[in-house]
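Just below is one structure, and these are the notes that go with it.
Chains here go by letter, A, B, C and D, matching the order in which they are written, and residues are numbered from 1 within each.
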Amino acid sequence: MDYSQFLYMHDEISLIAVIVILFLADLFLCGDRKSGTVSKALSLLPVGLLALQTAYIASALLCPCGDGMSEAFGGMYQNTPVMTLVKVVLNVGTIIVFLMADSWMKRPENQIKVGEFYMLTLSTLLGMYYMISSGHFLMFFIGLELASIPMTALIAYTKNNQESAEAAAKYILTALFSSGLLLYGISLVYGTCGTMYFDELAAKFSPADTLQLAALVLFISGIGFKISLVPFHLWTADTYQGAPTTVTGYLSVISKGAAAFVLFTILVKVFQPMVEQWNTIMLWIIIFSITVANLFAVRQNNIKRFMAFSAISQAGYLVLGVMGGTAQGMTSLVYYLFVYMVANLGVFLIINVTEQNSGKINISDYNGFYQSNPKLSFIMTLCLFSLAGIPPFAGFFSKFFIFMAAFNAGFPVLVFIALVNTVISLYYYLLIVKAMYIVKNDAPIAPFRSDCYTKTAIAVCALGVVLGGIVSCIYGYIDTLSYGL
Amino acid sequence: MDRLNELINIILGIHVDMTWFLVLSALMMFIGIYGFLTRRNTLAILISVELMLNAADINFAAFNRMLFPEGQEGYIFALFSIAISAAETAIAIAVMINIYRNLKNNFVANLDKLKW
Amino acid sequence: MEYTILILLLPFLSFLFLGLAGKWLSHRASGMIGTAVLAVITILSYCTAYEYFTADRCADGAYATLVPYNMTWLPLGNLNFDLGILLDPISVMMLIVITTVSFMVHIYSFGYMKGERGFQRYYAFLSLFTMSMLGLVVATNIFQMYLFWELVGVSSYLLIGFYYTLPAAVAASKKAFIVTRFADLGFLIGILIFGYYTGSFSFDFVNNLQMADGTTPFIPCAIDKAVAAGGFIIPTALTLMFIGGAGKSAMFPLHIWLPDAMEGPTPVSALIHAATMVVAGVYQVARLFPLWVTYAQDWMPVIIWVGVFTAFYAASVACAQSDIKRVLAFSTISQIAFMMVALGVCTEITTGHEHEGSIGYMASMFHLFTHAMFKACLFLGAGCIIHAVHSNEMEAMGGLRKYLPVTHVTFLISCLAISGIPFFSGFSSKDEIITACMAYNPAVGYIMTAIAAMTAFYMFRLYYGIFWGTENRKLHEEHTPHEESIMTMPLVVLSIITVGVGVYTTLAGFGMFEGYSFGSLISADGHDYRIHFDTSVASLSTVIAICSILLATYIFKGETQPVADKMYAAAPRLHCWAYKRFYMDEVYQFITHRIIFAHVSRPIAWFDRHVIDGFFNFLAWGTHALSFNIRTLQSGRVQQYALVFLIGVLILILMIL
Amino acid sequence: MNFLSLFVLIPLLMLFSLWLAKGQKGIRTVMVVGSSALLALAVALTVKFISDRAGGAAEEMLYTASFVWFEPLHISYSVGVDGISVVMLLLSGVIVFTGTFVSWDMCKEYFLWFTLLSMGVFGFFISIDLFMMFMFYEIALIPMYLLIGVWGSGHKEYSAMKLTLMLMGASAFLMLGIFGIFYGAGGQTMNVVDIANHTGGAQIIEFSKQCIWFPFTFVGFGVLGAMFPFHTWSPDGHASAPTAVSMLHAGVLMKLGGYGCFRVAIYLLPEAANELSWIFLILTATGVVYGALSACVQTDLKYLNAYSSVSHCGMVLFAILMLTTTASTGAILQMLSHGLMTALFFAVIGMIYHRAHTRDIRQLNGLMRIVPFLSVAFAIAGLANLGLPGLSGFVAEMTIFVGSFENADTFHRVFTIMATTSIVVAAVYILRMIGKILYGVNLNPEHAKLHDAHWEERFAVICLIVCIAGIGLAPGWLSDVISDSVAPVIDNVKSVGHLLSQSNPFK
């Protein structure tokens, strides 16, 4: 066996390196947990390392060797530029989450377990890497599980918090259930085709085979659980609400995004012969995800739970790009993922910093927020408008493009339903804006100063929200890559 | 395994083909699901999940043995999935313990603080 | 005659100046400015008239129609909306009438409006009105006429509502505007039809049209095309336009605004609601006369019978009114109806003594002229009286002849004129009208004669009620009535015109000498036409007029009026109805408020708020309700989650199998 | 970068400098300078445009510039103007300028949103790319929510939410329509002119597709144009909005609707316009009368004016659907004149409300004696509204009616005459309002001491009045400018089919 093949997975290996370094640092640097200096080092280290690693991956994109495609272990591991790009996007998101987490990590009760947070997060990220560039169902399954198992620990991170534990329990139980079904589906695939290599499967599938159709549905359900699509979404709200805000942010963007991308690639690459079937399935799933989530979001008061439902409906919009499985859809999906990540993390940053400083997480607490903290509420408004798809913010562009893709793929009715739903979503986003600007409140959240990490992260997000759309080269660049299916 | 087959064949006079394994795994699968949906104790639910996962593993093994004996793919997959399910169960149990610490019991019905 | 453009521009400028700068001007200064401008344009229009009538006629002996000025104001696709000046006998005559009366009113107002708040505003509006009225009469196309038509409407609205703190005045102004506006809708639609089918709005069907160089030529008016498109089209258009004219000229049933319009200052009533604006309808019909006669002969009875009924109705109401201005208002309506009838009875356009059918046109214009003069005189006289006794009601008056000598004499002259006594202007014109009616249909002729008799009766009832009869002593002791020279001077002028025109035309009419008469200036086709009275008609109408005057004298002259009281007692119901103007206003009130507001507008407003808007609110409410009802899906029980998960999977499988 | 982009850049600069501006004085300076720059630019553009047209520049769009923006999606930043957009830009310039003076005492955030709104409006009028149009359209919509919600009056939150949601719902229809047009034309270009002339890779859109997407596009824009029965956002929205916002909204934003209907729906989908116009004709003609009649019984000044706006904007769409050059010219003129006069109306109503703290007709009397300036301005606005000659309303309405009469069939005749009745009803409600609040004697002691307009208010009002009277007195040049640009569109429509469609049961 040729071990040089490992070099093809430089993304993963570099990430593993980061994890290892962090592990060692956590072991040796932090002999004494009580001193703040160490934890400062430990909070800077992951960000720095991850930034380095991101730069390393991105460099491969900027100066592509050959066509940028690479394959290892007989096609078990595949990598294309667009996959690398997605990994970069996920990295950026993770960096923002780390920046967000800092103030939370500095809390005394977390001093003891700072390192774990970073390592667990990074290992889920690693799982997503493998999931993304898997060329074989085994690789895919391992990646999926690697992405979800440490997540449980993260959700349950605040040990003595009942809600956190309950959230984790619901998450892991549903995850087990879905992975059971997924595994069964994969077994059916194996049973009917005799192989689990993506490249070979497409040839062996036929829409006539009942077992294979069942496998398709089971696969979609397993990954739909990660993306939290209706009807596999029910864990989402509870988990998001119970989990620590930082983790919620991570959940709502990174794992969701990776899974959506994988859904696209596998449906297009593997289940190509059954395109009509999975179009039908996705059609209904999307309609229900958007509508039901919007209906639930309308009357939430806890802002994290609210964001959970918003995230579900956003996921619905996200997978609009899957319809038809066109290159345009792929581009707009990745673009949407990027924009959505920026905006959503922006909102979570502000939720988090507010929670850290005032401990308030109800929408009604935000009444009169503009009077006390104008800057924060302004950024929040930008991000919410972006989520709602209001120009000139990036969200408008991403929504427009993904609708365009779906329309072009031949689903005008679906697009129309989604468009009508944007009105509802605008309604509930405006509810928060209303709370911040319009509703009078004699005791609003007291003014506070956010730490420099959060400030940096917020700046990044705001920049992304404002420029992400107008600067058209982003979309253009993704488009140049998205041939790599 | 062939020998076992022959033995059964000799003793019971029936030929065990793949259908048996499939039926068995399907049964395990649905028993698992049923358990998951009905058990009141979280640990019992975990056991049912194990049934589901193992059902899939049996499938893999059986398919590999019966249909595609030339390769090892199924066996390998089964092994990996067993390992993964072990890991999952471990962390699940950790969570259950955590809950038990807070609630002093582990009935799934008590996990309804977060809803609507 | 390019200077005619000034006749329009100067008043407009003075309106702008007085309107904008009036706040900083003294009453006297602003009045002076307004009057001076009027003096100038009066002179200008007299020059115009002189120049026009003395210019030599065309080959066929008719007056030419000059267009010294015409520009395209607004292009409307293939059509044009022109603004310009068109001079033909009737428009020139109207220039004279308008400027003269307006000038008199300007002078008169110095006295009448002295010290009134908003004096400047008053003069500004007067200028605006004069400008619009002049623009109306010199219109070169039907659309320009409509434009200024609306403008006179609004300036009359503003002037009626001059005392805007009095609810009655406000209501009256509103009513006047809305009623005429409603009529103008007909006018507008008529214009649109006319313009669409003839391809032009212009008056190029008038005879001997002569464009001055430097003016944009008219788009020719393809009447024959329209006729080809359907014989009914031109008549329909004309009738619709006539509705507009009927509204402005207060023909029944659109007359209701005119009596109320008397709420305005009396000089305004004299100018707008007696002499000029209210005859716009007549003028419009006269302007379109060639079309009426040529293409809509069968529809002209509409004009006749509307006119006849209005004349009778107004005269009968006038007999019972006690407010002197209202009496005059109804007599105005009646007299305008005379003019309408006179136009209606025309059957041909060529004039000449063998052509009886075209006298009406001349007669109508003649009566318009004379009526403007003596009716303005009457109104201004009434103004003096009101100014003197501070009341409109006849009870406050009586025996005023010794207090107001000049007013008395001029008023008497005008009364004689309107009653049609020889040697007064009214006689000649009314006599021609009746002649024309006789020529058309004796029945009409006799009806009109009877109405003329009623006229004489109620006018002298008014006269005796004011200047004779019981004097309201205790009122007159509080403040002795007196008259001011600045107010009586216009009266004298106007009555001199009345007498002068009357004497001249009467003599000429009876053939005492061969000279020009009104007809030689204005006739249906512009040819010279010498008026010769039909002695039978003349004598009949004169005798009847004198009889009814004597009757009025017998009834109303004395200190006590037993006969009148007996008559009221005899027919109280009739008197009451006549006094209440046969309840026409109430009918309108009912239609507008009870039906349109209460049963159309309110339901619509309710529908809008509760049904249409309610639908959108329902959507919002429904979303909320739904989201509340489906919340049980998110029960928080993980096993139910798994169940939903499983069911979802099964449904999806079934869906694609 | 051609100079049209200044219409977007200046507001951007204004936004930044507002961000930095300190104190009321600074803010006012920025706003005054910026808005006057915009106005000057609009005037200069108009002059240049007219001279160039006179100089023989015959292209449909002048000063066009196009930069590829999203290459893979064929979206480009393309600008260009024809007579219609020039006029609309002029209107927007005037309204923004006066609106600045009317909202003299407002705070920084207000002006930020206000400027964003005007940026959207200007951008919409200069852009000839479907995507850009839609983007600017939405940019113009959203600031409304905060402007009304924060600085409004009455039940402002409800109104703001309703307005925003209904207009966004409309834009959902619109977006679908745009996709339909784009892909129907082959998905090669989003440039309006190219799609209309089948150049730049655009094909002719199939008739069946046109008939699907025309209603979407027309309704999408029509809602903003207060098309019956989707007009109900406008009374509440206007009633709750602060003065300058109602001015800008009724004066300019509602014009986006009519403009879009003309530029996108009619221009790009000519066959469907021929086929389906009758449906919308019935709706709009109904709206014209309906709005006027329901205005008759309103008691709140702003509601009254809002309903009259429904009537007048209905007239705009009505005229557009007549599909004759004259009528469409009239429609554009009506947009212009309605924009100016309704802005004047709202300005004056706002000033009165600001003083008297009520807009209820029954509680206001005899203002003429108390606040003569405002009352006169109010009366002028009213007279313009009922179409008095010499003011802008008359010109527009006459052009529309004459143009509508060019359709000789009974169907169009009936609805034209139906629409003409609205001018009588207009007289009724306007005079009723004037008579009630301006005339008579003041009975309310609180109103006895109201002070008349300040200098900045007087300035704004006078500007508007001058514009209204200017158009009313010399409409010829405007009408020429507009009809030149309207003609190609209508000829395009006429060329593809007969007006009275087979699907019309009334023919």
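By our rule, a contact is a pair of C-beta atoms (placed from the backbone, for glycine too) under 8 Å apart; a residue touches a chain by one contact, two chains touch by 3 or more.
Bear in mind that the values here come from a model prediction, so they are computed numbers and not experimental data.
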item: Higher-contact pair (C-beta pairs counted), C-D versus A-D; value: C-D
item: Chain located farthest away, centre of subunit A as origin (C-alpha); value: C
item: Chain whose Cα centroid lies nearest the overall Cα centroid; value: D
item: Mean-CA-position distance for subunit D and subunit C (Å); value: 38
item: Separation of subunit B from subunit D, taking each centre as the mean of its C-alpha atoms, in whole Å; value: 68
item: Approximate Å spacing (C-alpha centroids) for the pair subunit A, subunit D; value: 43
item: Distance from subunit C to subunit A - Cα centre to Cα centre, in angstrom; value: 80
item: Subunit C, residues touching no fewer than two other chains; value: 631, 634, 636, 638, 642, 646
item: For subunit A, residues contacting two or more additional chains; value: 169-170, 173, 177, 181, 237-238
item: Touching two or more other chains - residue numbers and ranges from subunit D; value: 165
item: Contacting chain pairs - touch in the sense defined above; value: A-B, A-C, A-D, B-C, C-D
item: Complex contact set, residues of subunit A against subunit D; value: 328, 331, 385, 390-392, 396, 400-401, 403-404, 407-408, 412, 415-416, 419-420, 422-423, 426-427, 430, 433-434, 437-438, 472, 475-476, 479
item: Subunit B residues touching subunit A - in the complex, by the definition given at the top; value: 25, 29, 32, 36, 42, 45-46, 49, 52-53, 55-57, 59-60, 63-64, 67-68, 71, 73-74, 76-77, 80-81, 84, 87-89, 91-92, 94-96, 98-99, 102-103, 108, 111, 113-115
item: Sites on subunit B touched by subunit C in the complex; value: 33, 36-38, 45, 108-109, 111-116
item: Residues on subunit A engaged by subunit B in the complex (per definition of touch); value: 137-138, 141-142, 145, 149, 152-153, 156, 159-160, 162-163, 165-170, 172-173, 175-177, 179-181, 183-184, 186-188, 190-191, 194-196, 237-238, 241-242, 305
item: Residues of subunit C that touch subunit D when the two form their complex; value: 72-77, 79, 81, 143, 147-148, 150-151, 154, 157, 161, 164-165, 167, 170-171, 173-174, 177-178, 181-182, 185, 188-189, 192-193, 195-196, 596-597, 600-602, 604-605, 608, 612-613, 616, 620
